[in-house]
Every structure is written in structure tokens, then in C-alpha cells.
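Each chain carries a letter (A, B and C) given by its place in the written order, and its residues are counted from 1.
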């Protein structure tokens, strides 16, 4: 079963293969399954980017998207996630994409369910398609991971992106350092003060601050956070030539990052979103090709042949 | 107009024809309307199974599904259901599927509306596609209805499934008995104590307990209900060889039925869901073929010819 | 960029061209873009008619509709509308339709966003596709605008339809008068008492009363409003031969208009809804043809050739 649950499940070769596939899709490759295929996006938390991005990816692959609204589902009648997925499987859904507030919600699913589960984010845990699109964006920029320094700035503990990315980046040969309010890190973290991190990194990867939560606990205001740990206009000037800014979005403008930098030359924030569609096409193809087969379309096959 | 409102509207011959059609779809029959056709699913109550099942059926027939979210519709501005349906009709929707908390909500619709209405459940009233999928599941198993004994267990009064099923099953020649807490039944009910019912029935059809409601009124806890009226592991052992377990779902595991039995050999619960798609394809075809025509596809027509 | 934000942006020639195009679609014209194209409907206020009508129009043009639920989007995490639209643009959405409670929400979008924005209603401001469908309905009926008298009855100030329509109708040569509770109008309004307006107008265009709001402020009950300013059965009898009744809906039956008149011979209320689909096809084609090209389909091209 070709689930995609965490980045830890993927070997470096598999990561590169998925990014290769995604690059093909970004260049216009067209692949569709051999028969009408159905998927459903089960989002139990708010999302625009991930949900819409999966839906665009699904439509580009010619899949039928069965609408599921968590807020109008039988989950309200107490149905478990397991029974919901088994139900969708029974009515012919070929794969499900799930975002859920519970860490590792998939543990209760993988034994009994017979369709691939693609993790669209679990609690404070994992978000593998976000990691893959981040990796794709970095590889596009630098052509490699080995020797790169990536600074991840923000609340690592509550971020399902940070941990997955750190694991994958190290596995692929990059150096990863963390920055932000020091009390958010423990002793084992590879910590660097923000100014040094910004100055030396090839990639400054900012995380979204769930400000409501932190203000209550730490008393740091948005303005203070921005001045002390955010990517201000001044700090951006310290960045190395050729280095880039990334952020999984949604961005708190003028908190993690000065608003004007979001659409600056260094920013790859909207490029990340674009790549997200291609990465999701790749993981959907991986999940479905295994089960029901599929084919590249002639127009594209020809184009490829000509290109050789 | 080919509405589908209640099981009482269907003659035994029509029921068999619909199940025959559904069996054809289960074997891969493909039918599509002669022109682009539009349907909309109006669900004013939570649903996963019925709503998603209708949507899969609709997509398999090549229909365009116009999304309607009750919670974001003009119903919030006080628009009546009649005006909502007339609106959808005016913009080109060819049929509507409706689930609504009001008993017989369709009474106010059928005179003025000019498109077929498929009842996806009304209040404590009817749920004809659930009945049809139940009947299809029973016919698949036993090849007949005459001479079968079906035990319906639970709160018949609040179930839109129980009454429809009882009427249809009797019309088709089966014997129907009811079981559960005796205070839920009146004198005219064909009542049997749970142990006798389970021991003698060919089909044990469990109903979902809306526990919140009942605990308040009757003081029966979930554990007590399960022990006194539920299908426990012990009771299942009393069942006749070849007899089956059914439940419309969502299941309250360990209330109506021991959790482990949900996916046991006797259980047809997930088979019921699968059949639901085919039954809904059949009723959608019935509604639309009448109005706009349609055709079976050659691939399938050939397959049929070869099969003869 | 072919945005559609307000009626003031359209010259009379453009209005006629859009209505001509819409008439073509009403007669079966089929146009599709040259490649798979994506749109998304961002409705931040309840809607049945406008949202479903846009969706039918989109499907008729063969567009992929990416579902966006405001209530489950990152808008909940504080994402701005600008960042939401930029996100959709980044993942490949080719045009967005937006309804939003803020007046002129589009002012913050048009500079930075690179995809067409079709205004589905902003605050108390504009609703250009509603105006276009109103104009199409009037032109169908009378073949012209010059010399017609249109009476708009109701709360002009809070209506995003009234102002747009008044501007457009005058530009096209019609006379426009307003009626309703006199305290809702200022001195510059071209006011007429309801009985005179109804008696002399070719088109009586009723507006929806947001009654909750007004009862609180003005103390007029529904019954009083109906009797004093509504289109009662008695007033309808005063109407000129050939004159018509219009209403953008949803209708408060027996407030703005006697219930029985909604579906009377004079009423074009459901015809307006039908025309709404064709008008929306025309504005979608206008937005997309410019950007990605498209073509009429042969079947239709032939039909046209034969018709000559």
C-alpha cells in the first residue's frame, strides 16, 4: 500500500524520484489512471493552500473529487475516522487525503483500511507534501542539498513542517540550524541566534507563529517578535547573495517577515505553492499507479521523444 | 415525473427492476445521459454515507454535481425549500437529491417543481434509497424475499429506515419482526424478545441508537443497552447458519453491536454501502432517462452481447 | 486584465456585446478554453442563486471548479483576501469569482493579482452579473432600453443591485424612478409614490427587504410594508399591458410582492435566474478567452452555418 504518512518513510532515492516526477508535471507531463478514479479530501482543520492545491493536482490527473465537508459529515454523529475511511473505501473511493488535529491519526487506520492514505497534516506531527514541495523548491534553486545551510526560524515544537524538513534535509546532506525565541528550544537543538543564522544560511525558512497561543504564554507582542526574531528589512540585507526566503504560509505579514519581503526577489513563497501542485500530483500518481495503473498521454510522450 | 419519495410509491416489480439495474451497474454497466446533465445534493442534515454515495453514483453516470452547502445558502436568509428548488431548476439543474429534517418536506415541492426529487431522508419518515440498498443486499444473499424472516432491532419509531423496510419487505413476501426495549413499541407491533429474534431470523437488521435522546428519557446506559438489546458476541453465536447482520450505519460500536462483529463474516454492513452506490445510480438513471434520455456505452453493450 | 468589478467599467457597446454572447449561450452555443482551465468561487456571504449559477456556467464552459469554503479556509487563521487570491493564482487557478461583505474589497486585489476577478457582490456596493442578467431580461422583453420606464422599489441604499442597475439603465437610455418608504431616499432621488410608479412603469423591479434590519429601525411590520409599498394583488392590476415584474431574489413572499404573483404571467423572476447562467458564461468567457484562448465547438458552428 502506497500510503504517504511521514517523511521518515521515504528514502533519499524515493524523495528524488518524487521530485523528478513533480518536475515532469511542472513541464506539462500528463498522466491519468486507466479507469475513472475517485479521491476524497478529508480536512478536519481549516486549509486553503493544501486543500485547494490537492484539488488542482487531482483534477490535473483527471481524478473525480468526492466532496467531503467535515462540518456536515457523520463525524458529527460520533462516527470514528476509521469508520469514515472504511465507508469511503466501500463506496469506491480509491485514495483519501486527510488533515486532522490528532497526532498520528493514521495509526488507527493503516491496519484495517485498504486504500492509500495521503497525510495532509496531522496535529503537531507531520506534513510530508509540504516537506516535499520545500525540498523541490530548494533543489530547483541550488541543484543539490549537500553543503547547503538551512535556517529554520520559529516555533519548531508546534510546527509539523519543521521536524519533517529537518529530518529530510539532514538525510539529504544539508546542515540545519534553528532560530527564534531561545526558550522554545531545548539543549539538544542546533540553535543559532537569528542574526548569525540569517547571515550564513542559503535558505531562511520562516515558520508561521500561532501568535494567539504564544502571546498568552510568553508575553511577546507581534511587534516584539518581529523586531527580535522576524525577518526584518534590515536582516534581509545581511543575507548571502543567492540565498532565498521560504515560508509555508499563511504568512503573518510583519510578524515572521516584513510584508514587503513576501513578494521580493529572494522570496520563493509563491513558488513553493506552485510546486505544491506538482509534488501532490506525484504522490497521488504514486498512490494510484500502484493500485489501478495509468499512462502518460501521447502528446506528452511525443514531446518527450522529440526532446531526446 | 420520476420522483423517488417513499418506498410505498414503488410496486414490487419496480423494486425488482431497480435492483436488476443496480446489479448491472455493480458488474460494470456504464450509462450516461444524452447531454450534459446537472444534479445538486441538498443535505440539510449531516451525512457522509448517503451524500458521498450519491456523489460517486452521479460521477459514475457522468453527471455534473453542482455543490450546495446548506450552511452557506440563501436558506439562511429565510428562503423556502420550494424557492430553493425552483431556483436550481431555473438555472438548469436536472434533478435534486434532498435530505431534510422535516417529515415529508416534499409535499410542498411536488406540485410546483418540474424536476425529479430524490428523497435522501426526511425527518423520521422515509429513506427509500437506504431501503433499496438493504433489499438489494438481502436479494444478493438469498435470491428471494419470500419465506425469509427479518428482525429489525432498535428504535423503530425514530428510524426512517425501519418503517420503509418493513412495508417493502412484507410487500415482497418476507416476515418482519421487531425487537428492542419493549416500551418503544405499541401493542400492534409484531414484537419478539431479542434472543428469540436473533435465533430465528435470516437477517438481523440493527438500527442506530440515538443514544443521547434515549438516555435522557429512559435512563438506559450504553452498556445496559448493549447487554439487554444489542448484538453481543454471545448472541451472535445463537444466529442460524447462513444468516446475516445488517446496519444502516453510522454504527455505535459496542452499543447496537459488538465492535468486532462489524467486520465479521456475517456482517454485510460494508456490502450495504457498496450496494448503495449502484442503487443510487439506478434511481438517478430512472429519474433522468425519462426526461433527457441516455444510453449504455458500447464497451458494455458488447460485453453483454458476449456474455449471452 | 479582464476583471468585472462594477457596471460603471462597461461601455454600452460592451454591455450589448455581453448580452449578445449570453443570448448565443441561451440558444446552445458551446465554447471551451483551449486548455484545462481552473476557477474558484470565493463566497464569504451566503448565496444560492449567484454561487450555483456561476458553477453551472463554469461547468457548461468545461471549466474545473476548485471548491473553496470560506468557513474552512485559512481566512480563519487571519489570512488576508489578497494572500488568498495570490495563493489560488500560484496553484494554477485562472480566475476567481468573489462575494465579500466589504465594499470594494477588490481595491486591494487588482494591483498585485494577475488573474481576472469577477465580482459576485461586494458589501452594499456592486453586483455586475446581477445587473447584466437584469438588462438581458429587459432587452429580451422589449428589444430596447430607450424610452422604457423602470421603477425600482425598495431599499436602494443597502442594495448592491439598485445603484448598478440605475447607472446602467440610464446609460442605455431608459428612465429610472425609485419608490418605497420615503425616509429611505434623499432629495436628489428621482422618487415616485408607489401607485404612480407601478401604474406607469414598463418594468417594476422589486428589491429584497432585509426586514430584520428595518423593523428595528423604522418599526414597519412586514404586513405594513406589503400594504404600503409592496406589489399587492391590487397594485398588480394597475400595471400597464405588457409590463413585467422583476426581483433579484430571494423573495420575501407577501412582503415585497404577493406570493401568488411570483409565478404569475407578468413575473420574470425565474427567467432572470435562467438568464443569469448565460450572462455568467459570457463574462467568464470574456475573462478567460483573453488570457488562454478558446473556441466554439463544431456542432454549434455547423448549427450556426445551417441557420444562415
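FYI, a residue touches a chain if its C-beta (ideal position, glycine included) is under 8 Å from a C-beta of that chain, and two chains touch if they have at least 3 such contacts.
By chain, UniProt protein names: A, B, C = Aspartate carbamoyltransferase.
All values derive from a computational prediction rather than experimental measurement.
Student: Specify the contact topology among the chains shown, as one of line, ring, star, complete or other.
Tutor: Per interface graph, the chains form a complete graph.
Student: Same or different, please, for the chain A to chain C contact, judged on whether over half of the interface numbers appear on both copies.
Tutor: different
Student: With a Cα-based fit, what is the angle in degrees between chain B and its identical partner chain C, given to the nearest 5?
Tutor: 120
Student: Take the average of all CA coordinates in chain A, do the same for chain C, and state the distance between these two points in whole angstrom.
Tutor: Whole-Å distance between the two chain centres: 39.
Student: Which residue numbers or ranges of chain C touch two or more of the other chains?
Tutor: 67, 69, 71
Student: Which residues, counting only chain C, touch chain B once they are in their complex?
Tutor: 43, 46-49, 51-53, 55-56, 59-60, 65, 67, 69-71, 208, 249-253, 263, 270-271, 273-274, 276-277
Student: Touching chain B in the complex: which residues of chain A?
Tutor: Those residues of chain A that touch chain B are 36, 38, 40, 64, 66-69, 71-80, 83-84, 86-88, 90-93, 112.
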